[in-house]
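Note that the chains are named A, B, C and D in the order they appear, and that numbering of residues resets to 1 at the start of each chain.
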Amino acid sequence: MAASNKYKLSSPAAFYPVAGRMIPWFGASAAVLAAIGLWIGLWLAPTDFAQGDAYRIIFIHVPAAWMSMFIYLVMAFWSALGLGFNTRLSAMMAQSLAPTGALMTLIALFTGSLWGRPTWGTYWAWDARMTSELILLFLYLGIIALRNAIDDPRRADRACAVLSLVGAINVPIIYFSVRWWNTLHQGSSVSLSAAPRMAAVMLAGMLILAFAAWFYTIAVALCRVRVIMLERESGSGWVSELFALNIVHLKKA
Amino acid sequence: MNTAAPVPAPASLADSALPAGGIFAALRWSLVRDLKVAMRSRSELGVQLLFYIIVVSLFPLASNPERTLLAAIGPGVLWVAALLASLLSLPRLFAGDYGDGTLEQIALSPHPLEALVSGKILAHWLTAGLPVTLLAPLLGIQYAMDGESLAVLAAALLIGTPILSLLGGIGAALTLGLRGGGSLLALLILPLYVPVLIFGAGAVEAVRAGLGATANLSLLGAGLLVAMVGAPFAAAAAVRIALD
Amino acid sequence: MEFLAMGGYGYYVWGSYGMTALVLALELVSLRARRGRAVAHLRAGGLDHPAAPLAEVLR
Amino acid sequence: MLEAHNLSAERGATRLFSDLSFKVGTGEALMITGANGTGKTTLLRMLAGLSAPAAGEIRWRGQIVKPFDPRLRGAVAFAGHPIALKDELTAEENLAAAAALSGEPASPDAVRSALEVVSLSRQRSLPARVLSQGQRRRIGLARLTLVRRVLWLLDEPVTALDAAGTALLARLVGEHVQTGGLAIAATHTPLILPQVRLHSLALA
């Protein structure tokens, strides 16, 4: 039974080399898109009359914020798949996305606060979107902490899957309640969404950088999932076979 | 020695039929049993209630007890303390049964685990959430809150604290038997408590601002309905995962 | 050098871009280190606990 | 009829046992022996439907059962380690709760007679906290007689039992199996079960 699904993509043994081949492609396209995006954001886009050049931070802040939300939903998707069909690979994919998602949230937070300083005069103004990002960061850290607290990989996969699904249901509720709370107290004057009117070139810059971030995330996630496989499948045959070959190869060279 | 043992005819239940009484029998079983166990260790309940009182009384010491300031921070303090009190009493929900092996018997019962878990969550609310709800208005007087906001505070807590128990039940089941369970549980669950905190404390704020709290209370009510339907399933799944 | 000044907001703009680049670089470095540890662990026979006798490990 | 087909189990990265197959029919008992850490308890928990095997499948009455399968939950009485008792509740309350949990609530005198079988009627209203390990094990036996289940899964049932207790255990298991039940026990000291078709399975 094991031999037949060795070549089905859902088995780690078959996915390991395939992921290996895909990583350079995603990495390269991420680099190219990032270069174009940065060139637009830092050079091509005109200086804004109100915020001067400080607004250029949105070319990093907005894509990172988008990605932090998007990665969480993709993670919840893989978790649901892993929980539903009991496939180890999808659970490993969910596990590999969490750190990058947390980092994207972190980037969104500190670029947002660095942008807030010149525009509102303070690093943190309890703006609706920034507050929701902060809570999203806690959700990510909760999943990573739960993952580290459980030794048995199978239980860790399923527990983190339940947590990320419960979290995914709560993310829109949290965003809605924080926005409600924000408008109730501060009104919309102090809000990041009061970005300068969106010239076409700026939107293009942000979209390109968003895709760059997405390809970067895929490349990193594929790298990490391969490492997770090495860590977890060390008992199974294909890993030792993989490394037995390397060792022999090394001896010959 | 004693009379011949009654030879049990090994009748097993019809293969997958729900036992008599269906989900309410299951819910009642775990509710009554958990309340009986809780009543037998009443002192622990008292200590957790004292925790709520102490935390609430600390804040005036940390700021100048000037009445208008206290009235402004009152709802927030009473609500955050309610979150922490609920969090503190959550391990009682499953950890005892997990430790003494009864959780396995509950999970292996023909009764639906979701109903059994709901009964336990209801018992937790009755012994943790409800006392806090009844106590909060009294403590609100310490915070120079007028009668109307105290009433809305009690109403918001009455609807909000069951949500805390329901969401908390999921977290308690997920962190069963883990190292650093307490703080891990806080990290997992407090972000999910944020909407309840916002609408709960917001209800009292809205009344003080003269806007009326119906919007906040109805949103809390909607949250409660969703949590009542969804949380037991997530918690039951988490229990099964923990027992694996 | 006007480009670097960013209209006086250089600190914030380059701060943001610099920190982002730093964070991403750290992620890649830590991932490579994690892979190195996993491979070394496999090369050492893939046993969960170190193969060396306990006494030697504790020393 | 309980069948296991090439079951295997893992704990962390190490494999406990693999390709384990056996059959236990009605009126039969199976003794599982093996040193500590060979996976006896893991196997019993798998058969009870508490945990999923790493590979292989379990059939109950010819149908494959997944963990927490309702069919299995209606048929299994699992006496694990530790005995499932609430320290705060009395012996009687624990038994009544266990019976109600099993879906067939027992009348107070049924509970009392079950306690009498294991000669614990004098300790009827003592909280389980104050009972000795042997007495707690006897309440576990009383639960087996009270909660009528076809498949008994017993994990180290003899521990902490005195000679009389062990004899009582053997008699109860024997009667259960002879009246068309099944029993699987993980044990170090083999149980002497007269006139019972006994299989044994050693885990290495």
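Everything that follows uses one rule, which is that a residue touches a chain if its C-beta (ideal position, glycine included) is under 8 Å from a C-beta of that chain, and two chains touch if they have at least 3 such contacts.
Everything numeric here is computed off the predicted structure, so don't read it as measured data.
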Fewest hops from chain B to chain C - one hop per pair of touching chains: 2
Distance in touch steps, counted as few as possible, from chain A out to chain C: 1
Among all chain pairs, the one with the most C-beta contacts: B-D
Centroid comparison with chain A (C-alpha atoms), farthest chain: D
For chain C paired with chain D, centre-to-centre distance based on mean C-alpha positions, whole Å: 51
Mean-CA-position distance for chain B and chain A (Å): 33
Averaged-CA centre spacing for the pair chain D and chain A, given as whole angstrom: 47
Where chain A touches two or more other chains, by residue: 152, 234-235
Touching two or more other chains - residue numbers and ranges from chain D: 12-14, 52
Per-residue multi-chain contacts in chain B, two or more chains: 244
Complex contacts: residues of chain A adjacent to chain B: 135, 138-139, 141-142, 145-146, 149-150, 152, 154-155, 158-159, 162-163, 165-167, 169-170, 173-174, 176-178, 180-181, 184
Residues of chain B defined as touching chain A within the complex: 167, 170, 174-175, 178-180, 184, 187-188, 190-192, 194-195, 198-199, 202, 205-206, 219, 223, 230, 234, 237-238, 241-242, 244
Chain B residues within the chain D interface of the complex: 1-3, 5-17, 19-20, 25, 29, 33, 36-37, 40-41, 96-97, 100-102, 104-111, 113, 240, 243-244
Complex contacts: residues of chain C adjacent to chain A: 3, 6-9, 12-13, 15-17, 19-20, 23-24, 27-28, 31, 34-35, 38-39, 41-43, 46
Residue numbers on chain D that touch chain B, as the complex places them: 48-52, 61, 67-68, 70-71, 73-76, 78, 80-89, 93, 97-98, 100-104, 113, 116-117, 119, 127, 145, 148-151, 171-172, 175-176, 179-181
